[in-house]
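Each of the next two complexes has chain A plus one other chain: chain B in the first, chain C in the second.
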Partner chain A sequence: MKHFAKAWFLILAAVLLGSPFFAERAGAMDFSRILEPPSLSHFLGTDSLGRDLFARLVCGAGVSVGVSFLAVFISIFLGTLLGAVAGYFGKGIDKLVMGLTDLALCFPVFFLILAVIAVLGPGFWKIAVIIGLTGWMGTARLVRAEVLSLREREFVLAARALGAGAPRIIFRHLVPNAARPIVVNAVLGISSAILTEAALSFLGIGVRPPAPSWGNILNDARATLGVAWWLALFPGAAIFLTVLSANVLGEDIGKP
Partner chain B sequence: MNYFLKRSGGLVVLFFGITLISFAVIHLAPGGPTDIYSQMNPKVSAEAAEKMQKLYGLDRPLLEQYGSWAKRVFFFDFGRSFRDGRPVTKKIAAAIPVTLLMSVLSLLFILAAGIPLGIYGAVHEGTRRDGVLSAVLLAGFSLPVFWAALLAMSYFGVGLRVLPVAGIHSLFFDEMTFFEKIRDVAWHLILPVSLSALAGLAGISRFMRANLIQVLKENYIRTARAKGLSERKVLYGHALPNAILPLLTLLGLSVPGLLGGSVIFESIFSIPGMGRLFFDSVFARDYPVIMGVLVLGAILTLLGNFLADWAYAACDPRIRLGEKF
Partner chain C sequence: METILEANHLRKTFKKHGVKAVDDVTLAIPKGRTLGLVGESGCGKSTLAKLLLGLLPADGGEVFFGGQKIAALKGAGLKNFRKNAQIIFQHPHASLDPRLRVREILAEPFWIHGRPDASFLKQKVAELLERVGLPPHFSERLPRELSGGECQRVAIARAVSLDPALVICDEPVSSLDALVQAGILNLLLRLQREKGIACLFISHDLRVVRHMSDEILRMKCGKIGRF
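== the complex of A and B ==
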């Protein structure tokens, strides 16, 4: 499982590097060759506008992975910052930050994301930022718990005795020591961000066509469900394999 | 009792926060909610738009608007839908039973299958069978449910034509007898419910397995074994009750996931529930309905958490007595 996951991520990296070369092909429509099943000239078949599915999946990888990485970067940054500050300072600040976390956890996240997109409209950056802004709570709780147990240790006392200020202690001494759970959270976050982006695009409010994303290719597949199985099978398989690989790797890193 | 008072106080504060955030989200809209009216309809003059602003109280300061909105929400008055003018509460009330029925059914399936699977994995920890089961569960956990739904629809509905793929009842529903109605609804719910159960199943059984493995390593389990209890008694009498408790918290926390999932399932299978209502309102920018569902969803989540805590406290004296450990 682990080697398979690593191999898939290598393939994905290669695909991301190669995606600019497929951009033209992904947008090229050919109405004489619509809905063709997989063949030698069209490796994974064509869609209802005669575009090559393989090229669209390759380009969609950039969008799907890009959105999820950006989202995870935002949520990990926010979660680590809030969690570390809450854990280190304690008292009122801790109460405030954790209250905020509880509040954010009360919202059905998917509803909130939909509502914000309803107001602001869809788009690559907006989707990434919204997924990021609604996903920091788990990391915040985790980092806070780690920092709470770390801050009483001798090396923190030593740092303080040497005259280090709060920011230095938090970011040079506490956060690096909580690195492993943070990384695990980030990897697992990628899997859930990819799923969320795909679900949004699948519902037609994520990344806007004609830009391909794995989710909106699947959305297109709904219209031709009985006719073109390849349109439904391959994009979903790409999502599934990526999410599975991220989960496998996250679980593996998390093992002590 | 002190514990519950404290929790309830927290709930009130959280409820205020929820309404505040919901209100803020809607006011993120550049220009304000009534712009949709005037932008979509060129016949609306600037004067009329202004009148509408006054009618909805949008010309008053934001804090005052929030105050009057919150006051109405407190009495469950969310206003009327922009689309058809029906009261928001009526629309939501019509949609809730469907979503609730689906969620409860799939939760029952999840628990009925997830707990035994988790127990099986934990008891056989480290064996080949456990390895295979864990791999399958992790795969199930990673499965994009909308993809699975699409494939199932195309196989059972379009390919084999054995199961209905849209709606919750047939065309001639009104002419059916009571039992035929039940059968018809059940028939329509097979695909959506089993798929949403599939989505939650993996998570629950993985959680169950991890908990039980943890508990089986405790000292009191060794004691129970040492005094000669049968493995059955050790497992079901001593280990399981302690391993199942955290599941309550997880169930309480699963409300947002169920609501989010309802958006996906209900729009794939055209089921007229909360998720579908919310989704359609999002597309139509029907702000009163969006706000209503958002607030209600948050209340349901709060309720889920609260019930889970309550059940936990009812089962676990350490929490009930407020002991710190």
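== the complex of A and C ==
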């Protein structure tokens, strides 16, 4: 499983590097060849506008994976910062930050995202930022718990005895020693961010057509599901494999 | 005799268990001399060490370092106190950050107290390693690649790196085997004589304390008595 997950991410990386070369093909419509099943000329078939599905999936990977990486980066950064500060300082600051975290966890996140997009409008950057800003709570709790146990360790006391200030202790000693669970959290976060992006695009408020993303390719497939199975199967499989690989890899890194 | 550190009626109770870990402790450490502190495990010795360095807030009483109350220290005053009072812990591996190399561990005090350049640090690290009897190539090692005794030597090097006036040794040899213990104790004695460092030497082992100290106090259930 682990090797399969790694292999899939290698393939994804290659696809991401290659995606600019497929941009033109992904947008090229050919009305004489709509809804063609997989063949030699169109490896994964064509959609209802005669566009090559393979090219669209490759370009969509850039969008879907790009959005989720950016989102995870934002949420991990925020969560780590808030969790470490809460755990290290304790007392009032801890109560405040954890209160904020509980509050944020109470929101039905998906509907919050829907509402925000309804106001701001969709787009690559907006989607990434909004998914990131609503995903930091789990990381914050995790990092806080790690820091709470780390800060009593003797090497942290030794650093304090040397006169190290809070920023040095937090960023030099505490966060690096919590790196493993943070990385696990990040990798698992990628899978949920991909799902969220796909769901948003599927609902038509994510990445805007004609720019392809795995979610909106699936959305397009809905109308012709009865006659063109390949339009739903392949983007669905891409999402499935990526999420599965991220989960498997996350669990593997988390093993001591 | 002139004292470097004084504690008056120090108290600390841990609310969760209602244990009086430190109960009305008064002591004074003379400049350049060693005060020994013996007591069985769990009698509050380590808590006392942390209180004396201000690493834990006390419930009552006060600590004076060089005539200044440490609870009231701020900014430059606090930094100066931190530079001058150091601690060596019991567990050699736990007191070194597992992710940093020896070179980085020994450079940290200089980073905290000033912004040194690379060649100065390199020279200092080499000097410190030599002072505690470790070969120069240890600078690239991680704590997990060192034995307990070697870790403790690194911890000692870190503690004396800024030429402190006082070092609190909290059971520095208790988790080492006898032969290594002797080596570490002799190293501590030598460094102390070289630089005239005052020392509070905490241990549950009376023989070790006798070997190290000019004067000995005894601690039992949080209280201090003459020995």
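Here is the rule we use: the second predicted complex is superposed on the first by the 256 of 256 C-alpha atoms of A that agree within 3 Å, B and C clash if a C-alpha of one lies under 4 Å from a C-alpha of the other, contacts with A are read in each partner's own complex, and residues count from 1 in each chain.
The rule is short, and it goes like this: contacts are C-beta pairs under 8 Å (C-beta built on N, C-alpha and C of every residue); 3 or more make two chains touch, one makes a residue touch a chain.
On a predicted model such as this, the values are computed, not experimentally measured, just so you know.
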When the two structures are overlaid on chain A, which partner does A:L203 contact: first (chain B), second (chain C), both, or neither? first
Is A:N177 in contact with chain B, with chain C, with both, or with neither (first, second, both, neither)? second
Does chain A have more residues touched by chain B or by chain C? B
State whether A:G226 touches chain B only (first), chain C only (second), both chains, or neither. first
May I ask you to decide whether A:R168 touches chain B, chain C, both, or neither, giving the answer as first, second, both or neither? second
For A:L218 in the superposed arrangement: first (chain B), second (chain C), both or neither? first
A:L112 contacts which: chain B (first), chain C (second), both, neither? first
Touched partner set for A:R160, first chain B, second chain C, both or neither: second
In the overlay, answer first, second, both or neither for which of chain B and chain C A:G92 touches. neither
Okay, in this complex, where on chain A does chain B touch? 1, 99, 102-103, 105-112, 114-120, 191, 195, 198-199, 202-203, 205, 218, 221-222, 225-226, 229, 232-233, 235-236, 239-240, 243-244, 246-248, 251
Please give the residue numbers of chain C that touch chain A in the complex, ascending. 50, 53, 55, 78-79, 82-83, 85-87, 89-91, 94-99, 108-109, 111-113, 155, 158, 162
Residue ranges of chain A in contact with chain C within the complex: 153-155, 157-165, 168, 172-173, 176-177, 179
Given the complex with chain A, which residues does chain B contribute to the contact? 10, 13-14, 17-18, 21-22, 25-26, 28-29, 135, 138-139, 141-144, 146-148, 150-151, 153-154, 158-159, 253, 255-256, 259-261, 263-264, 267-268, 278-279, 281-283, 285, 290, 293-294, 297-298, 300-302, 305
